[in-house]
Structure formats: C-alpha cells, structure tokens
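The structure that follows is given in the form of structure tokens.
Note that the chains are named A, B, C and D in the order they appear, and that numbering of residues resets to 1 at the start of each chain.
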C-alpha cells in the first residue's frame, strides 16, 4: 500500500468527520444559509490567494520533473480565483477586503511556514492532503446538489475529471517521494497529513460557526 | 507619539481584554486549576521553542546594530526554556512530547511565516507586541501572587527589571524603524501589531478552555 | 526618464563592453570555436535550470498581477531548456553532467541569494537586466549570423519578437516598481542592475576563456 | 574514519594548494605587500559581515542542541568584526565602503544561497570547511610570523586554542550529521566541502591578484 492510502486509512475517522460536515451536507441539500456560504467564499478566496505563493515556493525545492506540473497547478489556482470572482459577482457577494478569520489566518500561516521551513516532502504532503480533501468534499456535495444551484461551478471545478486526474497525479508523486524517505521524514510527513486534515475540518467549522477570533467578542472585531 | 504608543492606544480595548483575562487573574489569585496552568506551561514551552528560530531568522534581515542584541535575546530565550524545564520538574508536569493545540500551532506558524515572508519591520512589530504583552500580562499576575507560589519565577522572568529594559529597548528600536517607514509599510506593521495581540488573547483563552482543535471531539485527538 | 533607461545610460560603458564581447562577435561571424560554443551551451544550460527556481521564488514576493506573467515566464524557461537539449543533440554536445564553472556557480548563487534575501524590487531588477542583456546580446549576433548556422534557433529565441515583448513588459513593470521606491531602495536596485551586467560580462568571458576556478590548475579539476 | 577526515583526504591536493598559497607564505615571511594585506582585510571584513546572517539562518534549520553553540559562534563573529576594525585602525586601512571583489561577492552569495536553499547538513559542511580552512591557513602563518607583526592578532584569533576547540567541536557534530545521512545527501555534502575549499583558494588568490571582475578593465570599476 502506498503512503497516501496508508495515511487515508490511518486518519479515516477524521476524514469521515470532514466528509459529513454540516457545511457540505447543507450545501448538497440546498439548505445552507446564504450568509454561511458567503463566509466560506470570502475566506476560501483568501486561502486560494495564499495557495499561489505556497505552490510557487515549492518549485525551487522540488525535482525538475515537478516544475512543469507545478507551474500548471499555479495556472489552475489563478483560474480558480477567477471562478470565485465570477461566482461572487453572480450572487452579489463582496469578495475583496474580507478580514481573515482566525482559522483562515492560521491555515494560511501554516501553508506559508510549511513552504519555507518544512521539507519538500512534507509540503507536498500538505498539498496532496488539501487537494484530495477538496476533491472528496465536493464529491459529497455533487451527490445531491440541485442542477440549478449557483454552486454547481464549484462542484464542477473540484469534483470534476480534470481535478480528479490532478489529485491522482499528486498521489502517485507523493507515494514516490515517500518511497525514498527514511523513517524520520515519513513520520513528519504523516504529521503533515493529519495536520492538514485537521485544518480542513477547522475550515468547514469556521465557515459554519463564523469568522471570529478566540476570546474576542464579535463587537471587538476591527482588523 | 511613537508608533508603539500609537498602536497600544489604538488596540487598547483588545489590550485591556488581554490583561484582564481569567487566566491571569486566577493565576494572580492562586485559584487557577493546576491542570490549566500545566496546559499553559506545556503549550508555552512549545511556543518559546519556536521563538528561537523566529529570532534567529530575523538576524539576516535586520541592520547590523541589531545583531548583537538579537543574539542576546536568543540567549535569553534559551534560558527561558531552562526555566520552564526547571519549573515543570519542580511541580511534576511533563513538558516534552506535548501536542500543540490549534492555537499554539497557529501562533507558531504565524511566527515562522512572518520571519520568512514579512518585512523586518513587520516581524519586529510582532516581536515587540508579544514581549510587551508578556511583560504587562505578568505584571498583572505580580500584583497579588502569593510570595510562595511556584509561579513566582515566571513573574520574576517576565515582570522583572531585565525584561522591562529589554521591552523598552525593543520599543525604541521599533519606533525608529517606524519612523523610516512609508504609509503602506506602517499599515502592515499596524496589522501585525493587532494580529499579535489577537494571538496573545487566543493563547490565554486556549490555556483556559483546553487544547482541542475546532470541530474535532477530544476523543478524536491523536496527533 | 524611467528607471531602466536611467540605468542603461548609467552603465553604458559596461553595456557596450558586453555587446562587443568577442564571444558575440565571433558567434555572429561564424568564427567561434565549436568547443567555446559548447562550453557556453553547457554552462548556460546550468544557468537556465537555476533561473526556474529564481523566478518561482519571486512569485510569493510579488504583487498578484505579476503572478500570471511570472508563471508564463517559467513556462518559457522550461521551453528554453528544451531548446538547449534539442540544439545540443543536433550538434553532438553533451549537456548533462557538466560541472559549473566558477563564474556560472557564482552567478547562480547570486540568483538564488537574491531571490531569497533581496527585496522583490531588487530581484526584479536582476531579472530585467539579465533578460535585456540577453535580448540585446543576441541581436548583435543576429546582425550577421549565417542563415544556416546551427545557432539560429538561439537567435530566434532571444532576439525574436516574443522575447522583445517580454523584455518590454518587464521594463514597464520595473519602471513602475522604481516609481514607488524610496532613495535607499532605488540605490540598491541600481547596484543590482550593475552587478547583473557585470555577471553577464563575466559569463561571456568565462565561455571564451574556459571554465576553471581561480588559483586551481585545470588538472586539479574534479568537482 | 569520519566524514571530515574522509573529505580532507579526498581533497588533499586542493587543501595543500590552499595551505601553500603565496598569500599565506608571504604573510608568514613578512614579505606581503601592505596593499595586498589591506585588500584581504577589506574583503574579508565584508565576508565576515556576511557570515553572521549565514550562521543565524542556520539556527532555524538545525537541531535544538546546536542553538546555543551557534549563538555563541555568532558572538565570536561579532568580536571578529571588532578585531578587523581595531587592526584596520591600527595600520591605517579604510575598512568601510569597500566594494566586494568578484570572488568576495560570489563567496558571499554562496553562503547566503546555501543558508537558504541547501540542507542543514550541506550548510554545516560549508561552515566546517571554511572554519577548518582558516584555522589551518593561519597556523601556516603562525609558523614564522615575526612576534611584532601587526597581523599577530589574526594569528591568535584563528590559530589559537579557542578557535581550535571550536573547529574540533564542528568536526564532531558534522561527523554525527554525516552518520545519519543517506548516500544522496552525503554526495551533496562532499560537493559542498570541495566547493568551499575552492572558494577559499579563490579568496587568497583574489587578495593577491586584485579585486577586479572578469572581463572588466580596472578603469571601468565603479560599483
């Protein structure tokens, strides 16, 4: 069994918790409050904007045969930003100027710090875990979303065949990196995998429960 | 008025909220549950361990006249780690091997990402804000802590004269850096200041309410 | 006058020296020894390979509207590597496994250290200066190269219209960055410009005089 | 045999060439032209200034038990800068404002790029190789330098017992790092070792032959 399958099996309880998160189920069923979905759009837009520097910072650390696919992945992220902007305009959500929630801020810092400080193998693990999580999360939504839903383009983006092929490619490459890794590095990669899943859960949770910071009443928010 | 005074005035409501956090008041009054203080010790030990690379990473970005004081500040952090270890041994708390809470993990990522990605001025702002916050927080505790409390060495460390002089030095240097900064940079420094105060509040909050991750039941904790 | 024009005027003597370097004139006239051109190909291939991480490392530092053009520039570099490989195969030069000369090693370290340690503005200056230098250098070659020369594809690549448009784009963006820069930063950008031109001259010089390291007899080469 | 001994044996011809470089022999014999020594002082001062960020940047990458020794090593470098300033004042050499020679510039870029981009093990190899080279080089000078020479303080600094103990410590730690390294990493460490020795030779060579840049007549120097 490859590293990715092993990790998915190891964190299966967390993974399942992620896939049955109310945000996904309510989006699928069309019962998600519009404001909740808007919060997610605003916060995820900030996250995708941070994912571009994350990917770019990986290129200098990776093998030359990863340069072209990683460059294409950056191109895909840039198109994803356009998708957010187009959807936000379509449904009247203000994207720009949002303040990052605590969870968004933390997840972005995690991406940036990982890109700079962790090994390529750990950072690639974060990339795979986050993309795999989005692919499977939006496949959950896909299994019931009304065809006329304004969120269909998100489903098409992350649950679709192109993204599926990208995730499969990442899995193969990550399994290969893990195959060359010693026990210490493998252990750190496993931690990176689980931490990413935890952040993914925290992200859906934040979209649902609001974008506040711990210990600060909403009225104190000014950042 | 210097930059630091301006910022302290601007974020005064947050700052006051920090200084009257139950963790500080209960520690001062000797009513803090032992387990709560132990959680703080374990989590802050992780944080101080991460502050060493944070400071070290600032040296290459800073002016030459900051190199020696910053090197001494690293030495102080290393002694701080010994203080934690000594106190933990004295009261029977297991320091090593703790898992970072969500807030600790996030704050550490913020430190590391700031050291790598932000300007020196922003990173220096984070340093000052965090040290100033600790100095004033432990002065709150100092105003009532029983002389025989096992936490007196922490008070002596952060509320004492040496640390006070260090914080005053940082304030002078940060005011000087701000004096040379244009409006864009000043705005980013102000954001860094407020964000650090928010993380400080979140840290006391986490020590009080526990080290869980959002959306994950405690029983699911394995990391 | 924009920053780029100013710099080109300021370093005009160096720039002219670069453009009349024997390597360029001999390549133009078809008198360049095959081995000299092969040395250049091997060393420049190493350089272009290092330019990919250089560009990628700039993305996280730059404004969002630079992300897409920079990503496309990486794609162009990847095609440039294929051009080297195709030309090397066509004329029987072994590209892979070459040892970097002192000058190539130094220039690559300069790129990498600049990407990591310098401001975005300085790094962008290095990028523009190097690309402008190559564009004008190969236009010198273009003015006399035999149509059947095996080096025509290099001329088409760097002296052609697509590359010219890219250099013009870089110039506009760099002028805009300089327009927002204070005197200290402008001074460092000017140094980065001149240093890059010096490295470009050193590179042609190395291709002509050989790939040795200072103070080490060729027989001692083993690296 | 440990990694360091192996490497010293492997690059013995280069190492011997370094130790019998005219700069060292002429300094030992008191026949070095004052201007040549002044060039070395100016260029090495620039180098030591760059070594401070190099060491600091290693701290975040290294194990916690290296933090304190590395912090002390930074302190030693700061004292070394004072030594240069004191000696320069004593013999009337202007230290500040020197332009880096090509070799100094290149060596500094190598340090900075290594600190950022290479593994900790490779960077530690560069550190050991450079310090070991200086220790042995100045021991050569020590074996004949007139007691009244103004350069005695340099001999005392690098050929003395404190520095010898530091180099021995570095060797032990580097051997331990190498003991945990796989074949790929060991190969890169070996390259880092040899490259550093090459830069050391280039540095003595530059001090002797002058601080020009390749292909640029001295009259064109303005940087």
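Quick note on the criterion: a contact is a pair of C-beta atoms (placed from the backbone, for glycine too) under 8 Å apart; a residue touches a chain by one contact, two chains touch by 3 or more.
All values reported here derive from a predicted model rather than from experimental measurement.
S.K.: Quick check for the class: compute each chain's Cα centroid; which one is farthest from the centroid of chain D?
M.R.: A
S.K.: Which chain pair shares more contacting C-beta pairs: B-C, or A-B?
M.R.: Greater number of contacting C-beta pairs: A-B.
S.K.: Would you mind pulling out the distance in Å between where the CA atoms of chain B average out and where those of chain D do?
M.R.: Here chain B and chain D have centroids separated by 37 Å.
S.K.: Taking the mean of the C-alpha atoms as each chain's centre, how many Å separate chain B from chain C?
M.R.: That pair's centroid distance is 46 Å.
S.K.: Taking the mean of the CA coordinates per chain, how far is chain A from chain B in Å?
M.R.: 29
S.K.: Scan chain A for residues touching two or more other chains and write them down.
M.R.: As it turns out, chain A has residues touching two or more other chains at 53, 60, 112, 117.
S.K.: Sort out for me which residues of chain B touch chain A in the complex.
M.R.: Residues 13-14, 17, 21, 53, 102-103, 105-106, 108-110, 112-114, 116-117, 191, 194-195, 198, 201-202, 204-206, 209, 213-216, 220, 222-223.
S.K.: Within their complex, state which residues of chain C touch chain A.
M.R.: 49, 52-54, 56-57, 59-60, 64, 67-68, 71, 74-75, 78, 112, 115
S.K.: Which part of chain C faces chain B closely enough to touch in the complex?
M.R.: 60, 117, 182
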